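Chain naming follows the written order as A, B, C, D, E, F, G and H, and within any one chain the residues start at number 1.
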Amino acid sequence: MNLNVYLAGEIHSDWRKELKEKAENLPVVFTGPMENHDRSDGIGEEVHGAQPDSISKDEAASRINNLRTSLLLKKSDLAVAFFGESFKQWNTAMDASAAIEMGKPLILIRPKSLHHPLKELSSRASVTVENISQAVQVLSYVFEEE
Amino acid sequence: MNLNVYLAGEIHSDWRKELKEKAENLPVVFTGPMENHDRSDGIGEEVHGAQPDSISKDEAASRINNLRTSLLLKKSDLAVAFFGESFKQWNTAMDASAAIEMGKPLILIRPKSLHHPLKELSSRASVTVENISQAVQVLSYVFEEE
Amino acid sequence: MNLNVYLAGEIHSDWRKELKEKAENLPVVFTGPMENHDRSDGIGEEVHGAQPDSISKDEAASRINNLRTSLLLKKSDLAVAFFGESFKQWNTAMDASAAIEMGKPLILIRPKSLHHPLKELSSRASVTVENISQAVQVLSYVFEEE
Amino acid sequence: MNLNVYLAGEIHSDWRKELKEKAENLPVVFTGPMENHDRSDGIGEEVHGAQPDSISKDEAASRINNLRTSLLLKKSDLAVAFFGESFKQWNTAMDASAAIEMGKPLILIRPKSLHHPLKELSSRASVTVENISQAVQVLSYVFEEE
Amino acid sequence: MNLNVYLAGEIHSDWRKELKEKAENLPVVFTGPMENHDRSDGIGEEVHGAQPDSISKDEAASRINNLRTSLLLKKSDLAVAFFGESFKQWNTAMDASAAIEMGKPLILIRPKSLHHPLKELSSRASVTVENISQAVQVLSYVFEEE
Amino acid sequence: MNLNVYLAGEIHSDWRKELKEKAENLPVVFTGPMENHDRSDGIGEEVHGAQPDSISKDEAASRINNLRTSLLLKKSDLAVAFFGESFKQWNTAMDASAAIEMGKPLILIRPKSLHHPLKELSSRASVTVENISQAVQVLSYVFEEE
Amino acid sequence: MNLNVYLAGEIHSDWRKELKEKAENLPVVFTGPMENHDRSDGIGEEVHGAQPDSISKDEAASRINNLRTSLLLKKSDLAVAFFGESFKQWNTAMDASAAIEMGKPLILIRPKSLHHPLKELSSRASVTVENISQAVQVLSYVFEEE
Amino acid sequence: MNLNVYLAGEIHSDWRKELKEKAENLPVVFTGPMENHDRSDGIGEEVHGAQPDSISKDEAASRINNLRTSLLLKKSDLAVAFFGESFKQWNTAMDASAAIEMGKPLILIRPKSLHHPLKELSSRASVTVENISQAVQVLSYVFEEE
């Protein structure tokens, strides 16, 4: 049995690379957002051409990024959401909550320092861990027989 | 990961051929309505034999065409809806709306001249573009990693 | 038992007034879009202030009109969709299709002259009629005991 | 027709009071989270008694607060989500996204300064506005006939 | 607590009258199909005018009767399906199965003589009984406290 | 694209064999009930041992046959329901209605002589035909490009 | 706003009476299973007459009790499940799990001594408490404003 | 056609091994919980490190075990639930009920001695049998053609 796992969260660090390496022996296909930050912010202009202002640029990009996220999240069996120490990351919370409402199991990764502001999301997640190795342990456990 | 994409819209032009050519490198299977216009209008009589009048002929055909659309749309991961300058195209609007209600991402292609009458549908679509190349850019973006 | 019925369709004529009068003895609450055409087109600027161009004005309005339609349609038990001889009426087709996908019974009213372009939608509707009196007859029949 | 509206967002300011006052003539019942911040944080210990540490205290409280939110959100016809200039507000993003996935129309209120970090959520909301009066205008519009 | 109960089945006998009388003390609103058999068969022509043949007459009527059934069944909390000794009653089986798929509890009433041909439907029903009094006993039991 | 098609209906004739032969060039996997009539009636006793009476025997068999039907119907993309001139065939009507409620397209095959008693089911089916060749034509049409 | 709350669990003690008394000031309608144990076990024979053996008696009763539970649980906004020190209570676990799958918030009441065997259910419940007063506190909190 | 079958129930005996051996010729992939009892109880500490007490240890483990069960159950086509003579097995009842609510067919295996306490669950299961061989017979029957 193969699983399809969506990796939601910041695209400023290379946490997905680390997770994929640690999970390389698992029968899992990983998907996620565009990780090139400039292309992610600029995809609206790339498709529609130059926009009059930064708000229009953002709107054009966010619709295309949402299409990608929504499509890949729906095809996934499980989602992982990663919160780092920085950034507002409201779309990480949005994606994590969407996964929960769709009935997908969710593994939440967040540093202990973010416990308080993430307590409601943590409570609704399937499992909350503090680092990537722990998330891979949980993922691996789904396939283990003994 | 492969995607299944339904192409809703007029069958009077060869826009699907153009789109498929531009997307030929993507791991996508395209489906859509019967593109032979005479067969599409005549499939009711082809199956049931000659009908007493054009209304009966239309009713017989539309049930079979709806069966095809409904089945293929449900199996798709994403839908594209194309509106050209001509024709009433109410079934394009019907298919696009059905896709949205089923939770499928929708790419709407329409000339800028149709902005006003399609503003509500455009607002509910995932992404609205003006030509086929832009639709393929969006589709391609789902698979790109950087 | 009371029913809640959504009236989808053009806001250029007073067909809703005629239907409500003919159905005044039925235990039905009717809802529908904003019928003042100028306010419907202008609600985006009314809320957000003047917009830079007509496309932005349309986008702002259509999101608010879609919110209203979506909310009222979801609360309805049945939808009526009216197509007149004029106008593109793609949002009528969109609303009618949304109602069908939500599992709401749909009564389609359209002049016989529009039979061919509406044949697929007619085939998916619960009942298709040609005038408002017939639609009210169908609605009334739901409540009649003999 | 009456509506039930859930007010998601920070409980540090009195934005709900302002919104309710401005909407006092609408046939709307408003619900929302516990607005007394100390009780919201302390409800876990209020029910279960003193907890060994702040993490246990938070976990106990968040389950009870999530029960309340989940129940009231599901009973609502529409949700409003308010983001202020301060606080992480990840549970506001979580509630807003849950409302969207449940198919509830969502009005997002956020200052223009938060446009960029909220662009994906704004794009998925039904309508985004910048202040409470605008949100009430949109709410009111659902009930207006002309 | 009030319940809404749909009574599916033949309209040739007055079993609904008997059931309603026996259940007159329960807080239940009963709905069902048009019980006047001539009007039920003729409603298509009543609305659309004379039809060219009996098949067209039947098609016109069945769409209107299906609209009524579908609407009332969806609003019900529970369905009762009655099979008598005579008639083909395929639409009774259709309505009973639709109720089951919608997750409505179903009470099946059938004479013991029909046990074999109805064994699959009986097995999927919530409860199968042999007469109307037993069905009312089951219905009553839902409200009893001891 | 392959389709999975469930063949509901009587197991007394070899209509499935005829249909499969006529559709042998289509990329379709067909499923259906146990076609050996004695095993279908006797599967309850085969599993649980001899039963005290024919009603118990029927109940034991019908639960196992329902498990099979329910499982295979849910995995199918489309259902075909066949009514012959004889037999009560209430479980055919039950399976057909279940398929419709699950949102599966349904092709109904019935002789013209059964038009009247099957008019409601026919109206809810996607397409109604009179013989197996016509059903295969409709099935084939889903795959044809011109 | 009124809530409808289903009380799942043993019918051997009067825990429901205690809970209702403690919640008497809340705008809640409580429902639950038949609490008269003899009638609950005997309802099958009450409706169908004497059964040949205790297994048939149980089967007849359980279908009627399941109809009641399923109907009332579906109409509820929230469920409470009570586990006492004795009895197998597998139907309490069944009802609690059904409520969770239906998306109803669940309050689980169980003595601390049952922590280990109920750990998975406790983890899936919205909130777990140890006594009836705590459950009423949680219920009350849903209505409190400060 | 291949099936995916989830095996819910106790992990203290080797009933799964017996079932898999007896079903080795069927095109079925079996999944289930972690069968190593110590790892199942200890997976929380394995991932999160030592916990302060047995309740915390249990909570940590149950979230991870629930993630596994929920994911695998959702991917399955059918579930088997096994109750032995010993143990409380509330999570077996929980998993069985979850499968039923998800619309998965359920085969319940239980010794005759447990008939009374399991009568409600047995009544809601698709098929109830008394031993593993009977369960395999039912499973096999889904694939048999005559």
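Note that a residue touches a chain if its C-beta (ideal position, glycine included) is under 8 Å from a C-beta of that chain, and two chains touch if they have at least 3 such contacts.
All figures in this text were calculated on a predicted structure; none of them were measured in a lab.
Trainee: Which chains make contact with subunit D and with subunit F at once?
Mentor: Chains that touch both subunit D and subunit F, as defined above, do not exist here.
Trainee: On the document's contact criterion, could you list the chains that touch subunit A and likewise touch subunit H?
Mentor: Per touch definition, common to subunit A and subunit H: zero chains.
Trainee: Please tell me whether the contact surfaces of subunit F and subunit H are same or different in residue numbering, using the over-half criterion.
Mentor: different
Trainee: In terms of contact pairs by residue number, which of E-F, F-H or A-D shares over half with A-H?
Mentor: Selected pair, repeating A-H: F-H.
Trainee: Could you let me know which interface, B-F or E-F, is made of more C-beta pairs in contact?
Mentor: Pair with the higher count of C-beta contacts: E-F.
Trainee: Between subunit A and subunit B, what is the gap in Å from one C-alpha centre to the other?
Mentor: Their C-alpha centroids are separated by 31 Å.
Trainee: How far is the middle of subunit A from the middle of subunit G, if each middle is the mean of its Cα atoms, in Å?
Mentor: Subunit A and subunit G have C-alpha centres separated by 38 Å.
Trainee: Round to the nearest whole Å and give the separation of the Cα centres of subunit C and subunit G.
Mentor: 43
Trainee: Identify all positions of subunit F at which a residue touches two or more other chains, and write them in rising order.
Mentor: 63, 66 - these are the residues of subunit F that touch more than one other chain.
Trainee: Under the stated touch criterion, can you name all the chain pairs that qualify?
Mentor: A-B, A-D, A-H, B-C, B-F, C-D, C-E, D-G, E-F, E-G, F-H, G-H
Trainee: What residues of subunit A sit close enough to touch subunit B in their complex?
Mentor: Of all residues in subunit A, those touching subunit B are 4, 29, 31, 34-36, 39, 43, 46-48, 63-64, 66-68, 70-72, 74-75.
Trainee: Could you list, by residue number, the parts of subunit F that touch subunit E in their complex?
Mentor: 54-55, 58-59, 61-63, 65-66, 69, 87-91, 93-98, 100-102, 115-124
Trainee: Help me check something: in the complex, which residues belonging to subunit B touch subunit A?
Mentor: Residue list for subunit B touching subunit A: 1, 3, 77-78, 103, 105, 107, 126-127, 129, 134, 137-138, 141-142, 144-146.
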